[in-house]
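Each of the next two complexes has chain A plus one more chain, namely chain B in the first and chain C in the second.
For the complex of A and B:
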């Protein structure tokens, strides 16, 4: 291929990556305006908000998107990527709205944009090099975001995240190098890759695949790579935690789906991928829920809850079938809503004082019922009880699991089914802890709480979305159902 | 007509209205709540006039709710499907009546009335919705939806140990409903809508009850050969549903949440808990577990009967040993709900009729008992039986109603409790000769429960009401019932009497249901080998 052809192909490809171009451009703009308007944080706030909203437009108007390979098979645009991009952009927007005033606002907003950009690129990647680049863009930006409280604790959290993260990346790169040696190509969607994987008998193949997946399980905070989550969640600013617990997690899940489908070789693989994922899922659900039981710091508790939620997302993937993956994506979308609702209320309470322990939330629900009610809805949704979309999401992924069991009669699937559903009872105990302190405990004398119209509105929108998607899940499912997978 | 929808959604809309009203109108909330109850009573009247006494579902409302494409697994379809039959009609009527009583009894609630009445009305809608729903998903949603209001009603307005009691209640019942959910997921994926070319998975309970609609080869089909340990999946599914519902009933050994919840809950909530929420155990067995898995019901009939018997005896013995009046009544509930289980286990027309009748009569009588306990607690804030003596000399009206309630509850002929229990015993005795499901020694032993019932009630009357007047730890003047309390107790006492003297009023509705139930799923000739 001549240089001219390559240039032509790059030029053509550029027409498909408008959202990413917009984000890249706005990162530069935010950087420069940040230097000029040093004291006025709202300037970069507005700019980055506009950037995220504008980036949504090309994604939405090109829906449904025929799969097109770009930049000589480095990236691919398709419905799968587009749906996740919508989630990331919404996640970014929600994070901006719950952030409030920040020191070094320009850098903060810039980093949020960078993580979203990385996530968008990650879900489009078709080549391991691209995957690595996008993943590092997410990782480096999020290490910095964790440190944004500028105190000792958050620096510690940031460093911990960095150390764990780099090791996970190193392990992943090691796996990649092994796999490159075995397969001879880094394009994991190409037929030479699939062919050589089918031919390979070496047990090294399994080792390398597992090492690669470890990198994404780390991003998702799934057991056994979840150890960073509690410390980092506790140290980071609450808005950043909300962001990190959703956007990188969903991006990790998206790549995990693509990679596992590729490693699974349409069921030809000799390795028991569904069983392995089921084992990770069981472990995540159990460890996450049981550890969350004893936490008293709300953020630590939500960190373990997010470990368990990763387990639930993986439930859909264990089926390795289109339907199950659809439901996993649905779960991811609902998780975005419910998790942000919970964190939005937490940041609201944080404005009134410390929230290092659930005790400090005592009785706040009696003073002002609406934020506490929103918190209750968020927690009920995370538990997976009606009338919230959290219930629908759980119902669907467990339906797919049951169907898959009927086809395969694999015992670990029925174990996952029972463990997952029975854990609802365990999780209720800690999810209800915060509403319990909000409503049932008495508030200490002298505590007052300011009602805020804007945050109430945000909570209301999320609450309505969660209830509406319970009543009409087909609204979202109809969209997700059109996603197809071509490898 | 949409009569059932009115019944379900009037309270829910009213709850939203109260939510929108400013908190300082604290007297208006009671009025709104009472208006809702009166409207519901009027709707109930219309339902009674429209309900034809015959077997079959009536006042049917059916609209599509969730239709979702599951790709290769067909389509998921849930409906808003409500209707009444001989099983749900008495329970719906009971619910409307008891919710009215509960609202009037809530008149004295002072703390945070807005929240209280919002929760009470939500609970009201959820209870009625669960009794009317014939779509399993719809039922499940309403069923779960009862838990949160109940949790907060006990947790905020309850007694000293309310926090422990409310979370215990929530966790226990959630465990039960998760068992039900496990079966629900497997069941709808095994059921198809008849008469559809494509595969449409349905939550319609009536379709689930017909084995012809189970997809051949699915894990829960009749011809399924999936086993997990000793039992097939169908038997496991029955067991899960059974345990899920008897937690709610509650039956020994899953009853321990009940005494705590009852003792700590405020009086109106105890009334709702005992009179209505416990009924979902029996209702769920008769609506879901038994018709959908009759093979499981037959296989485990001995176990079901035995747990029923155990509850009768163990509940009664515990009641006898209770020092706290409310705890005594709570354990008596366990004992009385054991009769429901025994009647269901017999799977005879008498047994089933008796079980439904017992649920209805227990609803009325237990409401009365908890109100009585509340009257005393309101005055002295003390419920220990040993601290009272000779109350009959000071509180004459109160004593009269206590006697009525106690005698009704111990199953004295002439009161509603008698009819239910005696029918259950008939069924239990006959079972051996008709279908051989439960041995007659269980029936024999259950009669002993009646004796124990008489024992603890008479002993309580003797200790608290006879002898010389004395009340420990309380110096004030012990006033007799006031007019509001009379207005609560008189309708209940009348109902207990009317349905004891004229049982035909209710049997007309229940009996066709029970006959159809037994013929369709437990016809004797198919059972006896």
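For the complex of A and C:
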């Protein structure tokens, strides 16, 4: 192919990546305006909000998207990528709305945009080079975001996240290099890749695949790579925690789905991928829920809860069938809503005093009922009880797990089923601890709480979304059901 | 033993010594050096395996990994400096503000 043709194909490809172009351009704009309007944090806030909202438009108007390969098969746009992009952009917007006044606001907004850009590129990637670059864009920006409280704790959290993260990335890169040697290509959707994996059955293949998956399990904070989560969640600013527990996690899950499907070789792989994922999932659910029981710091508790939630998301992937994966994606979307609801209420309380322990939330629900009620709905949804969409999401993934068990009669799947159901009961104890303190305990004398119309509106929207999707899950499932995987 | 095998074993050795450094060294700078060794092991692999495959994918990937490693080091040392200002040390074991409180 001549140079002219290549330039033409690059030029054509650019027409499909409008959201990414908008985000890239707005990063540059935010950087320069941040230098000019140093003291006015709302300028970059408005700019990045507009950028995220405008980037949503091209994704939504091209829906449903025919699969198209771009940039000589580096990226691919399809419904799968488009759906996740919508989630990331909404996640970015929600994060901006729950962030209060910040020091160094321009850099903060810029890094949020960079993480969203990285996540959007990651879900479109079809080549390991692109996967690595997009993943690093997410990682490097999020290491810095953790340090945005500018105090001792956040410096420590940021350093710990960085050290754990780079080791996980280095291990993943080594796995990629081994897989390149075995497969002879970096394009993991191409037929030469699949063919050479079918022919290779050396143990080295399993090792390299596991090393690669380690990088993404780290991003998802799944056991055994969850050790960073509690410290980082405790140290980072609350809005950043909300962001990090959703956007990189969902991006990691999206790539994990793609990679595991391609390693699974349509069921021809000799390795027991469903069983391995089920084991990770059982461990995540158990470790997450049992460690969350003893926590007193709400942010640490939510860190362990997010480890458990990763386990629940992986349940859908265990089936390795289209239906199960659809349900996992549905769970991911609902997780975004419920997690942001809980963190939105936490940031609201944080404005009135610190929230380092559950005790400091005592009685706040008696002073102003609506935020506490939203917190209750969020916690009920995270537990997985009706009348919230959290119940629907759990019901769907466990029903797909059950049907997969009926086909395979694999012991580990029934173990996962039982662990999942029992842990819903366990999780009730710690999830309802916060609403218990909010409503039942007496507030200390002299504590007052200002109600804020804007945050009440935000809570209301998220509560309505969670309850509405419980009554009408088809609204979202209709979109998700269009997603197909052509490898 | 042909050259590719030799380079592969060298890569394995580099990766293992890098991982060992990460686990045993106390100083954060030494941990960063261990990470660099692990990345270079991957680079060696990519360049070596590229000899037997068509195209230049592997070597280009190695170039990208070098760039990524530079960015990582830049961000990492910035974070480390910030932490040093608060703690006056770069030994992660001595950072004790975040831990399980039971």
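Definition applied: the second predicted complex is superposed on the first by the 487 of 487 C-alpha atoms of A that agree within 3 Å, B and C clash if a C-alpha of one lies under 4 Å from a C-alpha of the other, contacts with A are read in each partner's own complex, and residues count from 1 in each chain.
Please note the rule applied: a contact is a pair of C-beta atoms (placed from the backbone, for glycine too) under 8 Å apart; a residue touches a chain by one contact, two chains touch by 3 or more.
Fair warning: this is a prediction, and the values are worked out from it, not measured in the lab.
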Contacts of A:409 with chain B and chain C, given as first, second, both or neither: first
Partner chain in contact with A:398 - chain B first, chain C second, else both or neither: first
Partner chain(s) touched by A:55 [first = chain B, second = chain C, both, neither]: neither
Partner chain in contact with A:255 - chain B first, chain C second, else both or neither: neither
First (chain B), second (chain C), both or neither touched by A:476: neither
Complex contact set, residues of chain A against chain C: 128-129, 132-133, 136, 140, 143-144, 147, 151-153, 155-160, 162-163, 166-167, 169-171, 173-174, 176-178, 180-181, 184-186, 230-231, 234-235, 294, 296-297
Chain A contact footprint on chain B (complex, rising order): 65-73, 76, 112, 115, 140-141, 144-145, 147-148, 151-152, 155-156, 162-163, 166-167, 170-171, 174-175, 178, 181-182, 185-186, 188-189, 218-219, 226, 228
Of chain C, residues touching chain A in the complex: 8, 11, 15, 18-19, 22, 28, 31-32, 35, 38-39, 41-43, 45-46, 48-49, 52-53, 57-58, 60-61, 64-65, 68, 71-72, 75-76, 78-80, 82-83, 85-87, 92, 95, 97-102
Chain B-facing residues of chain A, complex: 321-323, 326, 366, 369, 376, 380, 385-387, 391, 395, 398-400, 402-403, 405-406, 409, 414, 417-418, 421-422, 424-425, 428-429, 432, 436, 439-440, 471-474, 477-478, 481
